[in-house]
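One structure is given here, and the rest of the page talks about it.
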Amino acid sequence: MARTNIPEVEAILDKEFKCLNAGFVRLIDYMGGDESIVQAARVSYGKGTKTVNQDRGLIRYLMRHSHTTPFEMVELKFHCKIPIFVARQWIRHRTANVNEYSGRYSIMKDEFYVPTDEAIHFQSGTNRQGRSDEEVPQALRAKVLQLLLADQHQAYGHYEEMLGADIARELARVNLPVSLYTEWYWKIDLHNLFHFLRLRIDPHAQYEIRVYGEAMAEITKKVAPMAWEAFEDYVLKGERFSRLELEILREQLDTNSITKESLEARGFGGREAEEFLEKIAKLKSGGE
Amino acid sequence: MARTNIPEVEAILDKEFKCLNAGFVRLIDYMGGDESIVQAARVSYGKGTKTVNQDRGLIRYLMRHSHTTPFEMVELKFHCKIPIFVARQWIRHRTANVNEYSGRYSIMKDEFYVPTDEAIHFQSGTNRQGRSDEEVPQALRAKVLQLLLADQHQAYGHYEEMLGADIARELARVNLPVSLYTEWYWKIDLHNLFHFLRLRIDPHAQYEIRVYGEAMAEITKKVAPMAWEAFEDYVLKGERFSRLELEILREQLDTNSITKESLEARGFGGREAEEFLEKIAKLKSGGE
Amino acid sequence: MARTNIPEVEAILDKEFKCLNAGFVRLIDYMGGDESIVQAARVSYGKGTKTVNQDRGLIRYLMRHSHTTPFEMVELKFHCKIPIFVARQWIRHRTANVNEYSGRYSIMKDEFYVPTDEAIHFQSGTNRQGRSDEEVPQALRAKVLQLLLADQHQAYGHYEEMLGADIARELARVNLPVSLYTEWYWKIDLHNLFHFLRLRIDPHAQYEIRVYGEAMAEITKKVAPMAWEAFEDYVLKGERFSRLELEILREQLDTNSITKESLEARGFGGREAEEFLEKIAKLKSGGE
Amino acid sequence: MARTNIPEVEAILDKEFKCLNAGFVRLIDYMGGDESIVQAARVSYGKGTKTVNQDRGLIRYLMRHSHTTPFEMVELKFHCKIPIFVARQWIRHRTANVNEYSGRYSIMKDEFYVPTDEAIHFQSGTNRQGRSDEEVPQALRAKVLQLLLADQHQAYGHYEEMLGADIARELARVNLPVSLYTEWYWKIDLHNLFHFLRLRIDPHAQYEIRVYGEAMAEITKKVAPMAWEAFEDYVLKGERFSRLELEILREQLDTNSITKESLEARGFGGREAEEFLEKIAKLKSGGE
C-alpha cells in the first residue's frame, strides 16, 4: 500500500483557519486516515481488506466499544497561533508533541488577543467558571476594550524599552500579558485529538479555545470522515447516564415497542440494533 | 498535613489476594486516598478543607464531569503473580510503571496456569473473542487438562535439561508456554487504575484477567472508598447512549413527571438532580 | 514490609522552601525511597533483601546502566507557587500529574515575580537564550524594577476594576502578566524528576526555574540519598563525549598506567573499575 | 510546504526486511524527515528556511544538547512479525502505539522461532543475562534444536486438537510457547525510536531483538539521514564518563595541544569545537 494522500485534505493543507482576532490553526502534515484505522484493527482480527461499507461498520464498532488503539495510528500535525492563556489550557493535554516559539531566544511579536464586542460577558451566576448570557452594556464593553488595549500597548512598549537597553530577553518578557500570541507546532494522534476536541468544543470550555477546537474539528473531518461521523454519533451527540438516572429510564421505557426491525428502519446497523436491545434488556433487569 | 495512613488499607497491606491456581495480587504501597483527591481539586478552586459530606459531593462532581486529574494524585503499587498471557494483556496499559522478573537473568519457576474445570468452555458462537456458556462434557474437560498438564511438564523438563547443559537462560526459555507464571511490581495512579478496571472487570474481558481485576477492585475500594463509589455509580453501573439511541429515549420519556423534588427523594444530590433535569431538557429539545 | 517513613523526610514534610520573592516549593507526600528502588530491581533478578552496602552498589549499577524503571517506583508530590512564565517551562515535562489553581474559577491573588537587583542582567552576547555576566548599572536596574512594578500594579488594578464590574473572571484575567504567581500540586516519579532536575538545575536553564530546581534537589536527596549520590556521580557531574571527541581522548590517554588496583584505590567500586577498563580498552581499539 | 516524500524511503516502503527464521519488519508509513525536525526547531527560534548545510548543523546541535522535541515531530509506522518473547521486551517501550494480532479472536499460525546453529550459546559466566562466546558442541546444538522443534510441533498439534474440539480460542492458546510468532503494527516518533534503538542494538540486548533493531536502524537512516548521523556521532558512538572517571581523564589530558584550529582540521564544526574546548576547560578546572 502506498502512502495515503486524501484529496480533500491536500486541498486544505497549510491553509490558515483564522481564529480570534489574530490567531490561526493550519494542518501542516498528516499520516493515515480512515483506511489506516481499518488496517490496524484488521491486524488484530487477522483479516484483509474489505468493502467501504464494511470499513464504516468496523470503524463504528471500534468507536462504540472504545477500542481506541487503531485511532492512534493516525497522526495530525498543526501549526497554531494562540494567546498564551489558551496555550496554557491546551498544553494540559500531555499525549502530544510540541515545539513552541521561545521568548528566551527570540523577540515576541506585538500581537495580542482582543475580544470582539460579542465575546465580552458578565460572570455567570450559576457556573463559577463560565460567562453569563446577559448582555453587557455597550459603555462597559467599550471600557473593557479600552483597558485591555491600553495595557497591552503599554506592556509591549516597556518590553521594547527594556530590549532597547539590552536587558536579557528572558527577563524583559516577564510582564507581557497572557493575552500575547505565541505559536507552536503541535502533533497528536487521532484518538487523543478526539479526546481534546470532546473537552474543548464542549460548551463548558472557554470560548477562546473552543474557537480553535471548532476549526480543528473541520480539519479532522476531512482527514478521517468515517471516524469523525462515529465520534459524533457515539461521543459528541451521545449521553452517559448514571446508575440512579438509569433507574428513572427503566421505569419509563416501554421496551416492548422496540424491536430490531423498528430500529433498523430508523437507521441502526444490524449489530448496533442488537447491542441496543441488549442494553435495554440489561436495563430492565436492573443492570444485572 | 501528615501522610495519610488509612487503617482499612494498613490491614490488608502486603496481604496476598489469591487469583487463579497459583497467582496473587497484593498491595505493597500506596500514596493518598479520598483526602488527596479533594486536596488536589481544591487547589484549582482556591479552597480549603471542608466537611466529609462536602468531600463526597466534590469527588462525585469530579467523577461525573470527567475531571480526572485529581484522581491521578493517588498511587497504588501492587505485587502481582500472573500467567504470561495475562501479563501480555495487562501491559497494554501504558500509563503505569513495571518491574518484571527476568527470564534472561533468573531461572523461571515451575508454575503454570491450570484452569479449573469450570473455566474450560467452548468457543462462543456469537462473540469471536469469548467463551460459550454451554457446558463442556466432563470427558473433554479432562482431556484438555491432561493435554495442558502434560505439555507444561514436558516443556519445563526440557527447559531444565537445557539449563543443565548450561545453555543460555535467555535461549533455554523460548519454548516455555504463555501459561507460565511471571511476577512483577506494578504502580499506577487511581485515574488510570479505574480505566484499567473498567476494561478488565468487564464481562468482555478474558476470565483470567478479570479475576485479578476483581481482586484489585476490592483493594481499591479500601484506598479510596468515596472515589470508588462514584466510579461505580457513574461509570461501572452507568450507561452511554448514542445519538440514535437517544432519539428512542426522547420519544418514550415522560419528562413532566420528573422533578427536582422527586429526584432528591430517590437519592439524587441537589446539583446532580439539576444536571439530570438539564440533560433531559436537552434531550427533549433534540440535543441542541 | 510496612510503608516507608524516612525520618529525614518527615522532618521537612510540608515545609516551605522559599523561592524567588514570593514563591515556594514544599513536599506534601511521597511513596518509597532507596529501599523501594532496590526492592523493584530485585524482583527482576529474583533476589531478596541484602546489606546496605549491596543496596548502594545495586542502585549505582542501575544508574550507571540507565536501568531506569526501578527509579519510577518512587513518587514525590510537591505543592509549588511559581510565576506563570516558570510554570510554562515546567509543564513541558509531560510525565507528571498536575492540578493548578484556576483563574477561570477563582480570583488570582495580587502577587507577582519581582527580580532582585542581582537577577537583572543584560542579554548574553554569545548565548541567544542567556544572560550576560556584565554588571547592569544601578540606574538601569532601578528603571527596570520600576517599570515592572508599575505595570504589575496597573494590570492588577484593572483586573480588579473588571471584576468589580462583574466581567467574567476568565476574561478579566487575560491581561495579567506572566510574572503573576500561580500554584499547583505536581506529582512525579523519581526517574522523571531526575530528568527534570538535570535540565532545570543546568546553568543553561533560566535562573528563575533553576531556583526551584535547586530547592527540589535538596528535598530529593532526603527521599532517596543513595539514588541522589549515583545521579550526581554518573549524570550531573559526568560528561558525555562524541565520536570525534573520543578520538582526541584516545590519542592522549596513557592507558597502561590505569589498573584495577589504582582505580579501586581512588574510590571505584570493583565492578565500576572493571567497566571503566572495558570502556578504555574499547576506546583504544577504536570503538569496536 | 507539500507533504514530504523521500525517494529513498519510497523505494523501501512496504518492503519486508527479513529477521530471524520467519520474522520481518517493514515500514508501512511515515511522516516527516530531517526537514520537519528543522522546521519544528525553527519555530522555537522564530527563523525560516536555510541551506542544507545549516540544516545539518542545526540537527547536530539539537542532538548534542538533547533538545529532543523536534525529533518527536517525525513518525514511523512499522509492521513487525516477531516471536512473543521478543514482543515482550519490545512492548516495554511505552511511548508508542500498537495493534497486535489477537489470539483471543483469531487462530495463531503454526510459525515458531527456531535459532540457527550459530545462535545457540552457553550461558555467559560473567554476565548473568548474556551468552558466552565459547562454542557449543555440534551434538548439543542438534539436541537443543531437536527439543525445540519437537515441543513446538507438539504444542501446536494440541492447540489444533483443542480448536478441533471447539474449545475457546482464548483458552486453547495458553500452552503455546513464547517462541510463537505474533504480528503487530507499531508506530513511534523518531526521538523515542532512537531511544529504543540505543537500547536494542546494544551488545547487551538479547540477540533476537537486536536483529530487529538493526533492520529498523537501516530503515531509519533513510527516513532521516542527518538525524541518524548525529545520533551515531553523539550517542551510539559516544561515551559517558562518571565523576570519578573524569578525574582520571583530567590527569592524563594534555589540553594545551588542543586548539580550535586543530579540532576543525579533524572535522569538528566551529561551534562543536568551541563546546569541546569549554568541556575540557571545565574538566581541567575540576568540574566547576
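As written, the chain order gives the labels A, B, C and D, with residue 1 at the start of each chain.
What we mean here is this: a contact is a pair of C-beta atoms (placed from the backbone, for glycine too) under 8 Å apart; a residue touches a chain by one contact, two chains touch by 3 or more.
Quick caveat, the model's predicted, so the values are computed rather than measured.
Peer 1: Would you pick out the chains that touch subunit A and also touch subunit B?
Peer 2: C, D
Peer 1: Could you see whether C-D or B-D has the larger number of C-beta contact pairs?
Peer 2: Of the two interfaces, C-D and B-D, more C-beta pairs touch across B-D.
Peer 1: Cα centroid separation between subunit B and subunit D, in whole Å?
Peer 2: A distance of 32 Å separates the two centres.
Peer 1: Could you put a whole-Å number on the gap between the CA centroids of subunit C and subunit D?
Peer 2: 28
Peer 1: Which residue numbers or ranges of subunit D touch two or more of the other chains?
Peer 2: 45, 98, 102, 105, 128
Peer 1: Which residues, counting only subunit A, touch subunit B once they are in their complex?
Peer 2: 45, 64, 66, 128, 199, 232-234, 237-249, 252-254, 257-258, 263, 266-268, 272, 276, 279, 283, 287
Peer 1: Where on subunit A does subunit D make contact in their complex?
Peer 2: 1-5, 10, 13-14, 28-32, 36, 39-41, 43-46, 69-70, 72-73, 75, 77, 79, 97-102, 105-107, 183-185, 187, 189
Peer 1: Taking the complex as given, what residues does subunit B use to touch subunit D?
Peer 2: Listed in rising order, the residues are 83-85, 87-88, 91-92, 94-95, 98, 102-105, 113, 115, 119-124, 128-132, 136, 140, 143-144, 147-148, 151-152, 154-155, 158, 161-162, 165-171, 173-179, 206.
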